[in-house]
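A, B, C and D label the chains in the order they appear, each numbered from 1.
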Amino acid sequence: MIFRRYKDEGLAHYSYLIADEGQAAVIDPRRDIDVYLTDAARDQAYIVSVFETHRNEDYLIGSCEIEAATGARIFHADSQWDYQYGEPVEDGQTWRIGRLKIKAIHTPGHTPGSMSYLLHDPDGNPWVLFSGDALFSGDAGRVDLLGEDRLPEMAGMLYDSIFNKILPLGDDVLLCPAHGAGSVCGSKIAERTWTTIGMERKSNPLCKVKSEQEFLELHGKMLDRPPYFLNMEELNLAGPPILGTLPVLKPLNPKAFEKEMTKAQLVDTRDQFGFGGGHIPGSLSMYLPILPSFAGWFLSYDKPILFLCDPDDTEEIVRTMIRMGFDQLSGYLGKGILGWAVSGNIADHIPLVPVSDFCSMMKKGGDQFVLDVRDDDEFKGEGLKHATHIHLTHLLEEIDEIPKGHPVFPLCRSGNRAMLAASFLKREGWKDINLLMGGLSAWRAYGCNFDL
Amino acid sequence: MIFRRYKDEGLAHYSYLIADEGQAAVIDPRRDIDVYLTDAARDQAYIVSVFETHRNEDYLIGSCEIEAATGARIFHADSQWDYQYGEPVEDGQTWRIGRLKIKAIHTPGHTPGSMSYLLHDPDGNPWVLFSGDALFSGDAGRVDLLGEDRLPEMAGMLYDSIFNKILPLGDDVLLCPAHGAGSVCGSKIAERTWTTIGMERKSNPLCKVKSEQEFLELHGKMLDRPPYFLNMEELNLAGPPILGTLPVLKPLNPKAFEKEMTKAQLVDTRDQFGFGGGHIPGSLSMYLPILPSFAGWFLSYDKPILFLCDPDDTEEIVRTMIRMGFDQLSGYLGKGILGWAVSGNIADHIPLVPVSDFCSMMKKGGDQFVLDVRDDDEFKGEGLKHATHIHLTHLLEEIDEIPKGHPVFPLCRSGNRAMLAASFLKREGWKDINLLMGGLSAWRAYGCNFDL
Amino acid sequence: MIFRRYKDEGLAHYSYLIADEGQAAVIDPRRDIDVYLTDAARDQAYIVSVFETHRNEDYLIGSCEIEAATGARIFHADSQWDYQYGEPVEDGQTWRIGRLKIKAIHTPGHTPGSMSYLLHDPDGNPWVLFSGDALFSGDAGRVDLLGEDRLPEMAGMLYDSIFNKILPLGDDVLLCPAHGAGSVCGSKIAERTWTTIGMERKSNPLCKVKSEQEFLELHGKMLDRPPYFLNMEELNLAGPPILGTLPVLKPLNPKAFEKEMTKAQLVDTRDQFGFGGGHIPGSLSMYLPILPSFAGWFLSYDKPILFLCDPDDTEEIVRTMIRMGFDQLSGYLGKGILGWAVSGNIADHIPLVPVSDFCSMMKKGGDQFVLDVRDDDEFKGEGLKHATHIHLTHLLEEIDEIPKGHPVFPLCRSGNRAMLAASFLKREGWKDINLLMGGLSAWRAYGCNFDL
Amino acid sequence: MIFRRYKDEGLAHYSYLIADEGQAAVIDPRRDIDVYLTDAARDQAYIVSVFETHRNEDYLIGSCEIEAATGARIFHADSQWDYQYGEPVEDGQTWRIGRLKIKAIHTPGHTPGSMSYLLHDPDGNPWVLFSGDALFSGDAGRVDLLGEDRLPEMAGMLYDSIFNKILPLGDDVLLCPAHGAGSVCGSKIAERTWTTIGMERKSNPLCKVKSEQEFLELHGKMLDRPPYFLNMEELNLAGPPILGTLPVLKPLNPKAFEKEMTKAQLVDTRDQFGFGGGHIPGSLSMYLPILPSFAGWFLSYDKPILFLCDPDDTEEIVRTMIRMGFDQLSGYLGKGILGWAVSGNIADHIPLVPVSDFCSMMKKGGDQFVLDVRDDDEFKGEGLKHATHIHLTHLLEEIDEIPKGHPVFPLCRSGNRAMLAASFLKREGWKDINLLMGGLSAWRAYGCNFDL
């Protein structure tokens, strides 16, 4: 018997492969399915079923890709919506994978038709609950996807799912959700990489509320909704385009790259030091670890995308992008920023200011404009007097609030998001853009005698 | 029958594994021998012999390491020197590896006792010459290692070896030397990754000379000699210390790193953009591709070495360092320069100037001091009027020529060596250090209307 | 934060790596430690501690090997014994690995000083219990290691450990024992690859007893004890010899193999079909999956060991053997049994009889001697009228019960152990040895109209 | 600059990847193209061209597969035939891949439009000749493909190509043909894995002939032509079906396998010992190393194919089969022959007779029928008095010559082909089939005092 978990580090998305006696099933596969095919083959099993816990909005599901490769049957939840593929699941429906029993449990709230799947061990005991986006470690799925007016209704459904369907399964049952810490689908997901229903009952704040009302107050909120969600929602009903093989990101020489640049969006996935040191004018800084979180906000599906990146990162970049349906990938600059520069092209830079200098500067006063791009919760947790707060994802709409004649210092916790803001402002025409190295963390650790 | 070549990218060092009927031999192994053990096992062969073409001065040979792991016999050339291990080889000596015959041919010149090994194919035809440092693709081994007074003697030996021993073997024989393009052992080695004696006869300038005299004029030169050569020469006679397993570079958190810094040498292997963007004060910039070339010049064997690097590069760094006998490796900064900065430590930066700005600056004139750190041949090939030329490896002795009150712009072809010079000057107390992005290549490609 | 589990498939031994903020710890490492070093490096962490749950008797612990490679501190349980390395652990002792807290809990019974380690998650909640051999999934550690007279005492201790120390930690806590299904340390270990204290409380028969007395009756039994245990026990106190690198199994050609055979033990790890088809006279059949279970019974530490195996299996064989301290490995027959035969050497064979023929033969009656080599529990579960039962591991002492003039048919569930018995009898001089293909399983599935 | 060679071990087919400055080209790609895509990406190059040396008859070319994945242009030789894809090549045509020049040279003989491609090194010197099937190491391409009447014409062409086009290029030029030792395309190909034009001139028998007439006598022969060639020839003009991803061989449980067996061909790729020990009735024994040589003779394109194999071999099996266009692969028996037997199914066996017993038997005389299935050249080289010679590939047509009432002993050099003959005869109804372990090699090495 095999039970494997897969974590997509970028979206913090969990998927699962179970196998017994030559048969295998995948729960909530990602779109780049090679890992399931390889592992199932190694386990001498063949994928016969795919189970979806809900219509996903944050990534493209790999069910159809698996079906194309193996002929597996797809079982999808949310049958109230108009699916163009697979078979709808009903509450209580059961399946067998070898000696393993799987049972669907309707756990709505995140979506109206969300399903959890309860896996029993070979001896028939309830063993693992694949809870999708119903219940996470330390958090629960968002309930705002159908709009503000349906917020109480959805929160109520989720309260019921958690308290009347999931928690009663018993403290001892393993809880295997669709997301882990770092996901945009739950900002408070705990770092506990494996959890149980009992651990959630004891330490998940949403499982400790006293009433549906308290649950609604705590959890019933409208959250940011990246524009790419819409695209995911449509494609996850229609069935995402079949890729076949994982695409290869094409290396381009500086000349070819320059030509493609005229029609493409340009993303630089190096860190703030490399980007600050030198970058191609007009490029957006999205350090690879934050690419999954912000690509959906800052990139359009209408134009192809070009990358400046470490060549070793191209596979991860491709996986990240196609998981969000960004299939128009034109290539990357094969020889990097150095190749760009030695070819006589102009590169730009953004000064990275050491915290000691930044401290002196703030004490001295002056016309610098400090732009806090952290999210609202972070800002609430630790406000700043001498900074203007605009959440990074609102930058486009509120860009007019940023003065053009002043030195601007975008700021976030460590500087990665601030560099995205910096690069965005540069692209939009701002000139005097600078970065505090290491961001607010550096500031706090350094201990400047100034109340920022 | 198996015939494999291994290239150590850093030192451009070639080694070879041959195997037949369960027996294997390695020619000029590098010190990290795991690759030979693994491949021999995969080929179902066992390493019974190691052949050394000469006493190497530029890297530690892995013969003793293989002997310790497999019990193989070591056959070394240069028996005029006092070897503490292995068995001396005589001119004309032959061996069998399965059906393959190997014959030693004395080809002195690089060292007095250099041996080439002629491999015959299973049918008994001369097939491959392992020529060590006698003859390269497009170049030949240096003849200055025994000092200037013996230069004519050694060059004469090498002339004889090439013209009377190697070339007569026939145009059709494959030539497999100990170094390829990029090696410090031959600055003119051709890019032709596989070559034959005939190709050398036709296109290697040193094979086209008309007389010993012409050979001496063309090739009999004193070359730079990194200080670490001395260490290699001693250890390659005594037998390098046995490593057993490849060491692991220890990740250190900023606090532990800071503590180690007090007694260590600090090397930063990131590129000029990352280093320029932010680096730890006192660190030397040695971009990974140039680390093998300059570690032996700028680092001491007496103090441990710390690294700031991409975590994915640690294995390559360890291999590079132990190949040159730098076994005192204290670790690397686990979270990188970002971890350093967010912990509130001070990082420094070096401005990278776009070529357009540098062009304007030079046209305008001013007090900038342009320091050309390329080697003598490069400088001869393309001199600069407005730069002072000090070869990078002479910087230590001639550092007083560099003025302290001026903005200094170290310069090389692409900027990597210039950044090493820049970091060195910073460490030695210079303040106003800057870098032209992309170096002279950028300058040439850009086309500034100014005669630099 | 990192939490990884490693399963050694052969011994079904679990070890664990945890890491946080650059520090790592390993619980109950195996002797081939490369996997911990590699993963810790990848996680940018350095192993600072090793925790042992008890003095192991079934494998050599890798603690000293890790100490030699990293300088980690070793914390061992069972401090009542005379350890030659590491530091003793006390009940209640705590450690920190980054933000993770670990606490020792004295859980005696398997050994007097067994320790479990309770890991807390980054938020400080009890999270994972590393229970060593105290409690398994579906089973518990054996209590007979100190002899029959101390059986009640040890069983009483274990009862107390389980009921008063482990179960009270809460249903929700993950239980991570030192063994999984397939281990010789617990014949009833469940297939549930991840489990919780609650699942054990509900479904582990040993957690459902009503009294210490019932526990003793159910679990207080003397079990088989392979002779190699003694060796493990001694070395695990003294500290196993340091290996450095994983040894490589040397391929030998038929001539060299024959020479080594005169002084070595010969093991054939191919399956019953390959072994039956042709094998070297005098070799013992230990199909690779059963090698870890029977090497310690049938092999001696005094003589080197030779293998006939699939060349792709040599690494697994080496790992298996050195985990049990069999460090004298002479090599394997590089070209396999085919190479043996084509060289004109004599190979032997053992007829594999299809179940249909065996059925006819049994119905007909005759002088065939059916030898059931399954263990006592299996025999009790499903006895055979027409077979003589001698447990495989008792074969040596009871060999005289097997008649020499009759066709002998060793028998087990699938035939793998029976083939070991068959090869053993052949080596000891029996002539007419045969095998029922597929063993008792084939018999049952075929449905012969005869009451075996 | 990159220059890589790829060997498909089964068909001994060589293909080549060259790359420079971000561009890459492949010469004679195989159909499973993943390796080219991966390596080109690692080299930071993109495949822009595919060069075919001729219309292949022994494998499906991967050109269209590469075109589908990368958009590369395909240049094919043999433009006299009706290609459905790519662009025809003309004698003397040149291309650039970065700084590398490639020039087509018309070298007919194997086919009328065969092209060789001469690669120049970055300095512009002739460097490597990709000779396709014109000239091999120690052999040359067959000239009988257009039929016996055109034999002299084609041989004449090839003589001209070799002597007037290839050899004049110079002894020093590397020769990189499309096949190495072990290929069905040249039975005398030398083991010299790298060769030069000079080595061929000196030691290739076909380069040492004195006249066209002598060449024709030596080389102008009709050779065996496996039936699958026809299929290859058609598809290599039409463009083989695009696979996308490499197919995965599906593991089947015994029940599903049995069901598929009714409509499929059954191939067992284990060695003679495993097959002899036990196999499924009706299966053909094709030990994996001989699968590429005999699949095209014994298997039909009309029925799907099932495998019994080592699960680790499934990928190699799939690659082997799809290279020959056998795309109908139904799966393999997931649990192998052991799983088959324990499920109560009937397995068969073929006795493997040790050479000592076979010797006694032959001396004694009797009614055994020894069937020599070696090819005609082997038989001519070493005839047998007491054996009937029928080449393995003629077995089907001459099967009536094999008597049914006698014990039959198929025989070849080592036993692998003999076991294929044995399994074929069993499938066709013969009963008393046996095998001499290790074949004629064992016989010769053993030294039986009998003139076989």
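We adopt the following convention: a residue touches a chain if its C-beta (ideal position, glycine included) is under 8 Å from a C-beta of that chain, and two chains touch if they have at least 3 such contacts.
This is a predicted model, so every value here is computed, not measured.
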**Study point:** Farthest-lying chain, centroid of Cα atoms versus that of subunit C
**Key:** B
Point to revise | Pair exhibiting more inter-chain C-beta contacts, B-D or A-D | key: B-D
Exercise for review: Quick one: report the Å distance separating subunit B from subunit D, using the average Cα coordinate of each chain.
Suggested key: 43
Practice item. State, to the nearest whole Å, the distance from the C-alpha centre of subunit A to the C-alpha centre of subunit D. Key: 49
Point to revise | Overlap residues in subunit C, where contacts from two or more other chains coincide | key: none
Review point. What residues of subunit C sit close enough to touch subunit A in their complex?
Key: 1, 3, 121-123, 125, 127-128, 170-174, 190-194, 196-199, 201-203
Review point. Where on subunit B does subunit A make contact in their complex?
Key: 270-278, 310, 312, 336-338, 340-349, 351-352, 354-356, 414-415, 437-439, 441-447
Revision key, fill the gap. Seen from subunit B, its contact residues with subunit C in the complex are 21-22, 37, 41, 44-46, 69-70, 244-245, 248-253, 311, 314, 331, 334-335
